[in-house]
Structures are given as C-alpha cells and as structure tokens.
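Next up: some structures, all given as structure tokens.
Each of the next two complexes has chain A plus one other chain: chain B in the first, chain C in the second.
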Partner chain A sequence: MKCRRCGKRAVIDIKAHHTAFCRDCFILYVHRQVRRAIAEYRMFSREDKILVCVSGGKDSLALWDILLSLGYECHGLHLDLGIDGYSERSRMKAVEFAQKRGCTLRVISMEEMGIPVPKLAKKSRRPECSVCGTVKRHFFNKAALEGGYKVVATGHNLDDEAARLLGNILHWQWEYLAKQRPVLPPVSDLLVRKVEPLCRLSERESAAYAILTGIDYILEECPMSKGATSIRYKHALNILEDSMPGAKMSFYTGFIKNLPRLSRAWEDLHGAIGEDSGGSFSRCSECGSASFTDPCNFCRLTIESGLRPR
Partner chain B sequence: MKCRRCGKRAVIDIKAHHTAFCRDCFILYVHRQVRRAIAEYRMFSREDKILVCVSGGKDSLALWDILLSLGYECHGLHLDLGIDGYSERSRMKAVEFAQKRGCTLRVISMEEMGIPVPKLAKKSRRPECSVCGTVKRHFFNKAALEGGYKVVATGHNLDDEAARLLGNILHWQWEYLAKQRPVLPPVSDLLVRKVEPLCRLSERESAAYAILTGIDYILEECPMSKGATSIRYKHALNILEDSMPGAKMSFYTGFIKNLPRLSRAWEDLHGAIGEDSGGSFSRCSECGSASFTDPCNFCRLTIESGLRPR
Partner chain C sequence: MIRVRNRQSGQEITLEGPKTVHQLLKELNLVEGAVLVMRDGELLTRDARLEREDFVELIPVISGG
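Let's turn to the complex of A and B:
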C-alpha cells in the first residue's frame, strides 16, 4: 500500500475517500479536513480566540493540537468531573499536554466545588451521562464568558455525530434533529458559539492522528458510559460503513445539507425551535447564566440533588 | 414463560410489545396487527377484491392466509421469474398452497414469455434486483387491471420497510423517502392501489406465523439476492432492536407519521413528486401501461436487452 500523495509507504488507508497515506501526508490530510470543516460551516476566523474543551481523550487533544498547528489562538479548558480515579488520570493527560506545548489550560474541578458528577447523578436520580452533559454545557459556556472567548470548540468526531443522528432519527426526535449541527450560533452575549471542527473525521482517523503525532491520551473509556446507547448506534453504523465505505459521511453531511428544510418541517408541526423549552430565552435567577427555563437546567439539577456548587 | 392473554404456556415472546403468546393467541395477535394496519392506513374495505402477490416465501403466503382468515375476497398472483431451480421450487409452494385452500392463483411465467429475469439482467447489464423490481411492478399492475382488482397487496414486513427506510435515509434519497408508505394510492384507472398489510409485523413474527399455522413455504433465499445491501441494513437494525426492543417499529411508524411534512420539505427543494420522473403521467406507447416516461421502465428494459415479451 502506497501513499496516494507522495508514493512512500502508506501507514493508513481511508476507504471512505478511496485513499491511503504515509504519516506526514496523513497529518496534512487531517489538517485539510479540519480546515475544510471550519470554512464550510463558518466556524470561526483567525481573529477569534477559541476555548478548546479537552477531556484528556484522543479527540479533544487531537483537536487542540490541530488548531494550534493551523495557527489559531486557542486555550484549553478541562473539567475534572470527579469520577474516582478516571478523572485524575484524564486531568493528568490534559495537564501534561498543555505543559509540553507550553499553552494555557484552565482546570475546573467538580470535586473541589462539591459537585462531583457521580454524586450529582446519585442524589438527583438522573442518568450519569445526562448529568455530565448538563454540567459540561454549564461550565463550558461560563468559562468562555469569563475568559472573553467568542467560541467553544469540542472534539466531537464524525462517528459521534452520525451516532447521535441515527439515535435522533430512529426515534424521530425532531426537537433534537433541528438543533444538531456542527455550529451552534451564539445567542445575544449570553451563550457563546459552539463548534465541532472534527465533524469530518472518523473516530479511527482521530485516533490515528493522536497516535502518529505522539499525543499521550487516556485510553480507557469513561466508566460511567458502559452500556451507553451511543455505543450501539456506532456499532450499527460501523457494520454499514464496512460494506459501504463513506456511508457515515454521506449520512451526516446529507443531513446537515437538508437541515434547514427539516427544521422548517419541524416548525410547521411544533412551532419555532426553543418555544417547546418553556418560554423565551432569559437569565437564570439563581446563577445568572443564559437559559430557556428558570432556574436553568444546571441549577435545577444541583437544587434537586441538594449539592450546590461551593 | 406464560401467554399474556390466556395464561397457557407461551411459544413466542415479543419483546417489542413486552408480551408473550401461546400458539392460538399469537395467531389472534397477528390477525389483530394486520387488521390494525388495514384500518390505520385505510388500505381497503370489505368490498374490494384484492390481488395478493405470492412469491412462495413465508411473508406472502402468510399474508394470503391472514387475509383469507379475515374474510377478504382475495386471489393470488405468482410471477415465475425464470431463476433456474429456485423459481420452480417457489412456484410449487404457491401452487400447493392455493390447491390446499381451494383458492384462485394466476401464474405468469417469465420463462414462457421469453424474458427470464437473469437473462434480462445480463443482456441489459443492470443489477438483477433492480430488473426484478421493474418486472414485478409491471406485471403486478397489469394483472390487477386485467382481472378487475382494485388493490394489489404484497408481503413486505416491518423489517423490509425499516431496512428500506434506513437505506433511503442513510443516503438522504428524498425522492424515494417521499414515496415510501404502506399504501400507494391509485392513479386514475391506470395504476391500482398498492398496499403492505404486514407492515406492523416483524420478519420473525411473520416466519413464526407461517410455521405455527403449518404453511409450507420456500426456505431458501433468492440466489440473486446474495450480498444485497438490504441484508446489511437489516443486520444493523437487528443490532439496535436487540438492545432497544421496539426500535424498528418506532423508526418506521414515526417516519410514516411525519411523512407528509418530509414530503413537503422535499417538494420545497425539488418540486412536486413525480416531476423528476421526466414529465407528467401518461401511457407507454409500447405496451399501453401507465408511466411517467415513454417508453415505460419495463419496455425500456426489454428493448435495451433485446428480449421483448412474447
């Protein structure tokens, strides 16, 4: 197998694009895919200061590395979720990456704030992954506003997005479908823009990038994610991808292309997006953050669980 | 495991409905599901004479059996596709069923007409499954018009329809999505109504019905269908169904519910359905059958292959 670009020995084949690359050309390919996603979906410009959410896993560290390589001004944010052992090990990977590259990383610890995710989930009797999502959304936006960042970037890859899409379509969850896109625009000055620059890269490509560029990331999966439905959606999609290379990409990009029309169909049925969330957009009277409900989802969660952040 | 209806020993569990049945109650359940599909989608009434397309497989023979049990006036139509060996064995199953029940079956032989499907596919260099579909659509409608039937019923089950839907959605084939429904209305007096009364029954349920009612059907799969993409879609859906019983049903019925809105979104984009097919609806100048194109797809296929029906 030879590199399609330079003819050297290839280290990876990419069936979805009918191609194969050596290490150096693969890195160029990855950078090109990310540049293309940024341009195609107008994610941000050279002038924007970007906050990258880094968990310590392959995707978010690869994302940070790529954005730095492409010359963007971006700083890291790590949420220590307070998951026994796993969180310490994840945090270490993020901290080590930042030290090695000499870049700024802010760490917010749920343990230190008295709201570790497993405890919040237990006390509120909500599913862990749902609690984790609420906590992340809250602190990602809060930290971005505090630091003056215009954009929050996360490491969601094509497999994540295609799996999420399959789940939403399997149950025809129009309100989620209408909101699933690689760029969520800012809302006034309360919610910053959210972007997913890896949305054109598969999980395999993202892992290969981390390995080939020597990124030291946490290999273990979150212990709370066992049995998560997203894993099943990914499995089903991988079966299709195996026999139809490019299926995931065509599924996801075809959806994004048709999203405006689907959103309109949804609005026909249920009214404008957001109206279902219980009123118009305002501030949470508890924490002052942007929310469709009062208190916001995060404050409701911490109130329910009896664990307010210190 | 006990029957949820009568408490006797159950022979089948149906996870999607959180239930289990003995033989007799399962048969009642199947009849109820078919009655529900007929009523919900207004497929036909007691007054309609129905032409059931029977291949000799479990689904179509089960369908014929069920419609007879429910008291509908229905006759069978079998197309002998001319697939060496397989077609003879399939035909035999259909003929034996009809004889046993003392009901009318019309057989149309592609071999005798000089247009066996494998030869048509080879000569026209088209995929076999696509040729087979064109031939079936042509003769199903032709036979219905000749016999004065208002409705053509086929044995497509929930797995067939969910797999077809997944394929259409994976590639966002709006023109097919807009036309996928359990009832296709008649078009003037040239195209009869087409219905799929088994659309609420899974493949497993349809097979169980055939076995438990003693229907002798052909077990082998069509030799031309090897490697068909529909098999992969079914496999992926079965993985999801295994961990989320009811997923297929929710996927398919949710789609049908939202179809009018999706169709509208599609029309927004491409114009009214049918316009893409090359003009308005009329008669084929070769065979006189209803068609959006002239010649119709069937005549184009036979002209291309140089094999005109005798």
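Let's turn to the complex of A and C:
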C-alpha cells in the first residue's frame, strides 16, 4: 500500500478515511486532526497555558508531544495513583518523557497523601474505576487552579468517547449525556476548562503516533481495569467499524453536533452552563472545590473511606 | 512458519505462511481497530505480505478503565 500523500510505502492504513500514510505524512495527518479539533470546538488559544494530564500511557504522552510540536505552552501533571507496581512503572514513563523533552512535570502521589486508589476503593466499597475517576477529576482541577492554568487537557481519544457515549445511551444516563462533550467550559473561578484534543483520533492512530515518534509508553493495562465495561463497548464498536468504516466517527461527531438539543436536559438539571456561568455549582465546605453537592464527590469518598488526604 | 508475538502478554504462537496481515488478523479473530502489527520495527498495513520465516509483533491498542 502506498502513502496517499507522497507515494512512499505506507506504514498505516485508515479505513475510516479510505487512506494510508507513510510515517512523515501520518504525523502531519495527526497534527492536522488535532489542530482541527482545537479549532472546531474552540478548545484554547495560543495564549492559554495548558496543563496536560499524563498517565504514562500512549494517549496522554502522544497528546503532550503533539501540543508541544504545535507550539503550545503546556506542562504535564501526573497522578501517582498508588497501584502497586503499575503506578511506579507508569510514573517512570511520564518522568522519562518529560526529562527527554525538557518539559515541566508535576507529580502528585496518592500514596504520600495517604489515599492510594486501591485502599480508597476498598474502604469506601466503591468500584476502583469510579474511585479513580473521582480522584483524577478532583486533582486535575485543583492542580490547574493552583498553577494558574487556563485549560486542562486529557488524552481521551475517539474510541474512549464513542465507548462512553455507547455506555451512556445503553443506560440512558441523561445527565452524563448532557455533560459529554470535547470541551467543558470553565465555571467562574471554580472549574477550569477541560478539553479532549484527541477526540478525532482513534486509539489505533494514537498508538501508531506514539510508536512512530519513539514515545516510550506503558503498554501493560491497569490491573484494576480488567473486565471494565468500557473495553467491552470498545470491542463492540470495533466490530461495527470493521464492516462500516467511519461508524465510530459518525456516531460521536453526530452526537456532538446534536448536543444543543440535549442542552435543555442539562439546563433542567443544573441551570445553563457556559463561559463563566456558575450554574448551580457551589463550593464544597470541606475542600473548597466546585461541586453540585456539599461535600463534593471527592470529600464524600474520603469521608466514607475514613482516609482523609494529608 | 510465521512467528507471532503479542507484545503486551508476551505470548507467542506460530502460523502457516505466507499470508497478508489482513489474513493473519482474521485467523486470530482480531479486528483491525484493536491492534497494530509490526515487523522489524516497522508498522505494517493490512495488505503487507508475511513470509514463512517472518517474526511479527502484535501491539494491542485498546485500554480501558
């Protein structure tokens, strides 16, 4: 197969776009897709300081690499979740990437704060992935506010978002559907803007980018995510994509296009959300974070588990 | 025989060759969106032909959680 752009030997074929690329043209394609997502969804501007959340996996490290290549000012944040062995190996990948590129990386250790995710999950009797999500959302926003960042960027890709959408539809989670979008606008001085610049790239494209640019990422799966429903949704969507190339993209982007119709559901639940609109957010009386409830989800979790951060 | 190694699990199998990457994935019941295929450090497209003595690596790309 030849590269559609320059005619050299292709290293990756993308059925959804009926195309194939050599290494260099694929990198250009990836950068173009990310630039398009940033512009189309008005994620951020050249002046914004961005905090990239890096796990040590392919998506977040690829995202950091892409944003640096595109000339954005971005620093990394790594949460060491305290998952025995796996977290140390993940942390090393993030640290090594930052050292090689000479970039700023902040590491927050859950173990050092006395709230490692496995222990929090056990003590609170909640599912590990749910606890992990609560912890990440809390610290991503907290670190961004502390560091004066305008934007928090995560490595969620098209497969992540299509799988999340499928899950939300299967269970008709209206509130989650109303909140699912590639950009969550800031809310006064409580929540910073959250963006997903890889939302136009598949997981396979993201992995190929990491490999072709020499990014050393953690290949092993999180031991806590074994049997996760998101993996089953991704598998189902990949089977569909195999016979209907482009299905994932049209499923997700079609949903985003139709989001205004869902905004009514959001408004009914929490009031209008928009730039600097507080909606019905308030401050958590325990930690001061933005929350719909008091205490916030994170504080409720730590109170339930009896493990408060040091 | 084509030697096929899963880079994530380390598991290795051998398959009859020659065949294309597309045929290899079909035989292993894998969908193209879930995996990348490498030979000699290079990624391969689905029409790439694998010869009898080739050693290829499968790189799973799906992560969850």
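Criterion: the second predicted complex is superposed on the first by the 295 of 310 C-alpha atoms of A that agree within 3 Å, B and C clash if a C-alpha of one lies under 4 Å from a C-alpha of the other, contacts with A are read in each partner's own complex, and residues count from 1 in each chain.
Going forward, contacts are C-beta pairs under 8 Å (C-beta built on N, C-alpha and C of every residue); 3 or more make two chains touch, one makes a residue touch a chain.
None of the values given here were measured: they were computed from a predicted structure.
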Any idea whether chain B or chain C touches more of chain A? C
Considering only touches as defined above, state whether A:95 meets chain B (first), chain C (second), both or neither. neither
On the A-aligned overlay, A:254 touches which partner chain: chain B = first, chain C = second, or both, or neither? first
Per the contact definition in the header, classify A:287: touching chain B only (first), chain C only (second), both, or neither. neither
So in the superposed three-chain picture, is A:219 touching just chain B, just chain C, both, or none of them (first/second/both/neither)? second
So in the superposed three-chain picture, is A:239 touching just chain B, just chain C, both, or none of them (first/second/both/neither)? both
Of the two partner chains, chain B (first) and chain C (second), which one does A:28 touch, if any: first, second, both, or neither? neither
Looking at the overlay, does A:20 come into contact with chain B only (first), chain C only (second), both, or neither? second
Need the overlap of the two footprints on chain A, from chain B and from chain C, as residue ranges. 235, 237, 239
Contact footprint of chain C on chain A as seen in their complex: 1, 10-13, 15, 20, 57-59, 129, 132, 159, 202-204, 206-208, 211-212, 219-222, 224-225, 228, 230-231, 234-235, 237-239, 241-242, 248
Going by the contact rule at the top, pick out the chain C residues touching chain A in the complex. 7-8, 31-36, 38, 42-48, 59, 61-65
Listed in rising order, the residues of chain B that touch chain A in the complex are 169-172, 174, 229, 232-233, 235-237, 239-240, 243-244, 247, 250-251, 254-255, 257-258, 261-262, 264-266, 268-269
